[in-house]
Amino acid sequence: MTIKTGKEYVESLRKRKIQVHLLGEKVENPVDHPIIRPSINSVAETYDVANDPKYEDLATAISHVTGERVNRFTHIHQSTQDLVKKVKLLRLLGQKTGICFQRCVGMDSLNALSCVTFDMDQKLGTEYYKRFVEFLRYVQMNDLVCCGAMTDPKGDRSLKPSEQADPDLYLRIVGRRDDGIVVRGSKVHQTGAVNSHEVIVMPTRTLRKGDRDYAVSFAIPSDTEGLIYIYGRQSCDLRKLEGMEIDLGNARYSGQEAMIIFDDVLVPWERVFMAEEYEFAWPLVNTFSAYHRQSYGGCKAGVGDVLIGATATIAEYNGVAEASHVRDKIVEMNHLNETLYACGLACSTEGHKTPSGTYLVNILLSNICKHNVTRFPYEIVRLAQDIAGGLMTTLPSEKDFENPETKKYVIKYLKGEKEIPTESRLRILRLIENISFGLGAVGYQVESMHGAGSPQAQRIMIEREVNIESKKKLAKSLAGIER
Amino acid sequence: MTIKTGKEYVESLRKRKIQVHLLGEKVENPVDHPIIRPSINSVAETYDVANDPKYEDLATAISHVTGERVNRFTHIHQSTQDLVKKVKLLRLLGQKTGICFQRCVGMDSLNALSCVTFDMDQKLGTEYYKRFVEFLRYVQMNDLVCCGAMTDPKGDRSLKPSEQADPDLYLRIVGRRDDGIVVRGSKVHQTGAVNSHEVIVMPTRTLRKGDRDYAVSFAIPSDTEGLIYIYGRQSCDLRKLEGMEIDLGNARYSGQEAMIIFDDVLVPWERVFMAEEYEFAWPLVNTFSAYHRQSYGGCKAGVGDVLIGATATIAEYNGVAEASHVRDKIVEMNHLNETLYACGLACSTEGHKTPSGTYLVNILLSNICKHNVTRFPYEIVRLAQDIAGGLMTTLPSEKDFENPETKKYVIKYLKGEKEIPTESRLRILRLIENISFGLGAVGYQVESMHGAGSPQAQRIMIEREVNIESKKKLAKSLAGIER
Amino acid sequence: MTIKTGKEYVESLRKRKIQVHLLGEKVENPVDHPIIRPSINSVAETYDVANDPKYEDLATAISHVTGERVNRFTHIHQSTQDLVKKVKLLRLLGQKTGICFQRCVGMDSLNALSCVTFDMDQKLGTEYYKRFVEFLRYVQMNDLVCCGAMTDPKGDRSLKPSEQADPDLYLRIVGRRDDGIVVRGSKVHQTGAVNSHEVIVMPTRTLRKGDRDYAVSFAIPSDTEGLIYIYGRQSCDLRKLEGMEIDLGNARYSGQEAMIIFDDVLVPWERVFMAEEYEFAWPLVNTFSAYHRQSYGGCKAGVGDVLIGATATIAEYNGVAEASHVRDKIVEMNHLNETLYACGLACSTEGHKTPSGTYLVNILLSNICKHNVTRFPYEIVRLAQDIAGGLMTTLPSEKDFENPETKKYVIKYLKGEKEIPTESRLRILRLIENISFGLGAVGYQVESMHGAGSPQAQRIMIEREVNIESKKKLAKSLAGIER
Amino acid sequence: MTIKTGKEYVESLRKRKIQVHLLGEKVENPVDHPIIRPSINSVAETYDVANDPKYEDLATAISHVTGERVNRFTHIHQSTQDLVKKVKLLRLLGQKTGICFQRCVGMDSLNALSCVTFDMDQKLGTEYYKRFVEFLRYVQMNDLVCCGAMTDPKGDRSLKPSEQADPDLYLRIVGRRDDGIVVRGSKVHQTGAVNSHEVIVMPTRTLRKGDRDYAVSFAIPSDTEGLIYIYGRQSCDLRKLEGMEIDLGNARYSGQEAMIIFDDVLVPWERVFMAEEYEFAWPLVNTFSAYHRQSYGGCKAGVGDVLIGATATIAEYNGVAEASHVRDKIVEMNHLNETLYACGLACSTEGHKTPSGTYLVNILLSNICKHNVTRFPYEIVRLAQDIAGGLMTTLPSEKDFENPETKKYVIKYLKGEKEIPTESRLRILRLIENISFGLGAVGYQVESMHGAGSPQAQRIMIEREVNIESKKKLAKSLAGIER
């Protein structure tokens, strides 16, 4: 089943028997469903770049397990250079797809499990790391896409898992058998879930003794019996059903979010990486989050590049590329975008080797990185809208552009700079609309806000990771305060 | 034809023979088209509030022309109190509809014409003001909706109207006849155009001698022969065709943008308010803009109230209403929203009487008002998304909520605080999605950015209106600089 | 003792026997002390504008008590117009002095007492309002400067007054006698205290039963026995002792902060306005704060005008006045400054009549006003520094400019635009330094931050004053949520 | 003359015959002048850390010229690790001094000359690099402090050097002799100039053919005949003359700015690194700026640590350390501060080897770094002032704290949390004042704004360095635009 190309990846998905629901219907063939397919195309790019000799260094790596060259998305970081290359690879893919390509969450899950299962075995004498390495070998050899399933529905957020009115609002172990454990619950906001081969489940928060059943981590094939996917609808998703192209803005690529239901699913023991060790829930969450908060310094900078490029293009089409305020706003967009990237790089080069040998990012700086990501893309979008002009949201539809009764008016009156076909102007405006309000907005805005943890999660980590006592000492020393 | 209620207004629209294109098709019955109707409902609210005794003082006024009580949207401001009441009325309607209710642009056009046609007659000896007052009387007596059509397509923005490759890229006079003038061109971004009885055309920029044919203002019925409307598609418009309700977020109300084509339309002389007097183009643009920039301090604060309320509601549903960071963010949203309102009020109370007797807002402060509107709603939306959580964009569709195969999972797993039905949570999240990315985003974001002029237009006016020389004098005096 | 002019005001101060300490010494003659005198000059301007016929309408008013024309700083607001005129008067004086002119706090104290003592008498049957009116009459007839003393030292802010290790950390009643009460404690951050004729004391926070002794308000002459003033040192205060002028930036005017010690001071009953009525402590604090938060929308906009003017001047002197980024930054400074003013106006026009007949500002909007003041002046200063260039902090001293050995070099090498004398450039840079870092920074920055309550105080009030439940209803109604 | 310790450094300064003017007087003994000495102490720290074994790796390096261990401030970067260590060293010194320690500008000058003189020799066949290496060897072996003198007075900034009314407003060659060149002019804003052994002169901008005489670079001893230093006065400088300690905030350390006059100074040929090669002026400016913009990501983060520590301390002293808004603001301060550091690191690790073998930072990212530095310190200061409270600017002087008449009141009433001596509270507030408005504000604010180029200089570089065409291609490709 070794996958090499994007095309092979797409074919591999057909072999799954996966239960997907979308817009009130069960989807028999997700691969060719017009709403789903663009999201598959995005993942397929993660294969294609790995086959492009130009990107070999970024998109592949030598596995420390097999000694073979593998897709970097399945690789365990062996150095800070690996961490840096990850960020650069994600920026590249953000540039190529203009959207979330969904495969980082699996990479980040693998790396987090690599660190934490090792520590568990060291401390508890378990054999989780051994199991994990076997699973990793399988993933690497077959070049699989893993969905990293962390976020539980959470119900009333002021309550702990075991305090919820419905105990299933956090995924939990409901049965233990000789051949494995039985789990029930749901994972929500699952990026790329329907496009995955494997689902890696992890807990979503600090757990205490009373929450023991919620301390569970494992990996299962995405078409395991009992798994049900309900597709998350997105802004403008129905445009994909129109059979048109321009109005999509980004017709080839999109993202994907789904909720996964675990309806009493059996997980065989060899795929269980945590079961009841509640004191390791937080280390796993924290390690995964650190890796995933790094990711955003790459991918979102890549999407930012697309939006900046689109904005510079429409400025040109509108004949205002040289206006000083337009140039200044594009500088500002770039400034903000590169700041995100700089933070992604810094938390990588400041990474360190964990006991497992896996390299982990600098946790403080990766939280700084992500926290900026919860702000700057919004301002970049605002500036893009400023320069694009209102036309983006008053444009007639592509069908009106095709309709002979109206086509002539649209072509005539929506013409900008005289050398540019009206159609090009429509296309670039629709791309800006896509990232501002449409299918791309989910990836570029909401995911920037909430992916890998909401802003407040980062603030809590920044408070914890900063050594405030040492800073107080510096100040007191300069102020001449003895104690 | 006097209209009294929202219902009568809707009926009045049926009598028009209006040529509307939407999604590639000619719309035979715009009034009942599921995409168009919610935008009509918004306008209808401007009638219903005028019939509610509770709002009589805000929503109606005594006409200085007829002495009769008229809908404030047709009223010419007779005092700064009138200007203040306008802002309060717009905030009220923003609160009631959560969207653009489309009728301010007509009010602002009437008031601007009232000032400028008077000045033209004074200076040029024309009779435009007299014609205008006749038109106004007709509008007031019949309580009509006017579309204020200012923005031309503009083509290459670095070129003047007469320099464009296609001379029609700004609307212009192409013929003069005994019975009127013939005009050709287009007006774009026309808010509420399809829901109007009358279209008031004005030039869109400063004009010079060579652009004489572009200096044209007039009013014609919206179903005049030669007028063609092409409906602007908006984010998530297709959801209105699903026949569902929840996923719309705001099912009853929406906004409307359209482009209007003037295919050699005849305008009778009695409806012409400017023809070739290019030196009055800028005063008209400037006066209209001042009024319209004031408007945003009302309506957008009203929509802000809705979004703040939705955010406070989802915080409660998620069980986090008491979290200090959540409370703090809601304070920030309110702070920004009230700042907009404060600016709307201040430019009103600092208004003054023009030679025509019509009260005009303070131009500097109305530009300050609008300029803040190009910023704060974006930050308010960002904070709303922060508090709402990612669920807003990963929610299954309403159809999945209805589908018996998936309904139980959605209800079970998307439950928040235990007393709140899951459906309520879905509904409020969809409303936040609506204003963030969907149909409401056009009104609350893009319109806030570009309506009544883009940010740079306000910056130019701020530079002009501020007396920088007097400030330099203050500084020099304190610094002891003689000259 | 009726004072008419600034000059008479200055003379009136000489008659006091006031105990002032400054830089480790007792000041025998505060009026002519070079550090103190410029702050007196600022207050004197409040007299001089009242004598300038040009400003009669702004700077004076007809007393509702005496029917005579009085200085507006002693007037009780009889209408929203009065509230608006206050804001305009403060802007004017900010423009004239470029600093805090110290007299608003007394005006705001008088107005707050006017509202609250009336309510106390209504509810409690006391005669505080009567006493207050007598005091007011005296102030108005003699045109006195009142210091409004509210802020206690507070000690450990996590503790209530009666819980402090030292019970005197909030001013309190320590004795009750036939002829009056005896008070002990301190009031800190007392703007203009040393330049006042009367000190009006008010409590600083909500008080409960156990804090009864802290519920005290009264007015006493500033040279009452037992009152001790310790002058607050400010950035660059020593420059006033150099005997030079240019390096002060603003040589004529400065502000003043002092702490007042009440060393068992006797207050006669006819001057007591609250004694133990702890439930009225919060209304008094809240009413005073509302008025005082309004004030900042005037005075700081006036100082902002000076700083903007200075920035435009240095841009011209540097030869960069036409650079697009410079013009854009000056627009931004103006935009922010006018937003402050707009908020000051809006809370005034939305004011209302209280039971006492005194007009009170809109409390929500006055908090909005002040909250913006805690932000925008800092950004205005940052932009001023951007445009001014680093020279402001690398300039040689005025003495080096005078010293023949160095004068030629300073004149030669610090010349900017060729028509402008080097000295003018030095002067304007020193003015910008004054407001950025020097004597003016206290007034324009720290006072903007903390005067009339710190930012968090406004956030608490915004949360309280906004009707969040009504906003939730609006949102639920649009979302179709029944309850 | 090899210097090893801070103490030896201080002694070495005594040997110079340097002409310094300050406050209108010629300073005979700069080393012990109370205004100057604290700035010398700051530089001395750059020696002491190099002698501390704990910091050997950061503060020293092996010279590629001599093979000996040298102070990193004299080292030429041989790897990206060197670039990273530089940033970390600067942060350390910022933490230790709380101010500008003045020695980076020399380090950055040396590295820039290392790159550019090499390129000049390659292209022009000159021997500047050889001369430079000799000079470098001398600096390294003697561990000297170099002043990097780039900024000319510039006069009217809209004019080129040769267009100025006075041709000396940019430093230029006025004579060529057998033994060297004669130069005239001035360099302003010279950080640490009076504390230096050598002055390295470089041009300040792009030069064209007609500006040939202005293309000049060289190094001379700081006490060369004809060099005159006029000390820049700073906010609160006079407090250093009071003979007190607390009120200084940071009594031990300060920064230094001066203007240097070159009164027809002879520069021997072996110390000339550029003479008339105007086409290399820009490369030298650009390379120096890139290095120097990187520096700020280190040193200002270090000063930020001090200010954050001071703020956390005062919060504790005030009894509000646990208030949620206070904690949140301290998180924000840290977030901004770490973002600066991240950018400093990223431009270092993304550095590259130049033809000379010297490693240069990534130019785009170093501009991003500095550009953030022109913003975030101001917001950090604003937040510090928010938490500190107004007391910082209303505090009595240290002399009042000593004066027995007032001491008891100050101690009693300015006490905060009961375990903390009042003096500690005064001290920490004075430190915050120092960085907000006093001597530290020059280093932390104005230098952050203008050092290494004003914000607009970075924006120009960001525009140049970003590959906007490639971004446009990305956007067009996704939008389906062919060309």
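The first chain written gets the first letter, and so on, giving A, B, C and D; residue counts start at 1 in each chain.
By definition in this document, a residue touches a chain if its C-beta (ideal position, glycine included) is under 8 Å from a C-beta of that chain, and two chains touch if they have at least 3 such contacts.
Every value quoted in this text rests on a predicted model; they were computed, and no experiment measured them.
Q: Please identify which chain has its centre, taken as the mean of its CA atoms, farthest from the centre of chain A.
A: Following the centroid criterion, the farthest chain would be C.
Q: Can you tell me which pair among A-D, B-D or A-B shares over half of its residue-numbered contact pairs with B-C?
A: Interface equivalent to B-C, from the options A-D, B-D or A-B: A-D.
Q: Between chain pairs A-D and A-C, which one is joined by a greater number of C-beta pairs in contact?
A: Higher C-beta contact count between the two pairs: A-D.
Q: Calculate how many whole Å lie between the centre of chain C and the centre of chain D, each centre taken as the average of the chain's C-alpha atoms.
A: 37
Q: Just give me the whole-number Å value for how far the CA centre of chain A lies from that of chain D.
A: Chain A and chain D have C-alpha centres separated by 40 Å.
Q: Distance from the CA centroid of chain A to that of chain C, rounded to the nearest Å?
A: 52
Q: What residues in chain B touch two or more of the other chains?
A: Where chain B meets two or more other chains at a single residue, that happens at 325, 328, 459.
Q: What residues on chain B touch chain D, complex-wise?
A: By the definition above, chain B touches chain D via 324-325, 328.
Q: Could you pull out which chain A residues touch chain B in their complex?
A: For this pair, the touching residues of chain A are 21-26, 153, 155-159, 165-166, 168-169, 185-186, 188-190, 228, 230-236, 238-239, 241-242, 247, 257-259, 261, 318-320, 322-323, 325, 374-375, 378-379, 381-382, 385-386, 389-397, 399-400, 402-403, 405-406, 409-410, 412-418, 433, 436-438, 441-442, 445-447, 449-451, 454-456, 459.
Q: What residues on chain C touch chain B, complex-wise?
A: Residues of chain C touching chain B: 84, 95-98, 245-246, 249-253, 305-310, 312-313, 316, 327-328, 330-331, 334-335, 338-339, 341-343, 345-347, 349-350, 364-365, 368-369, 371-372, 424, 427-428, 430-431, 459, 462-463, 466, 468, 470-476, 478-481.
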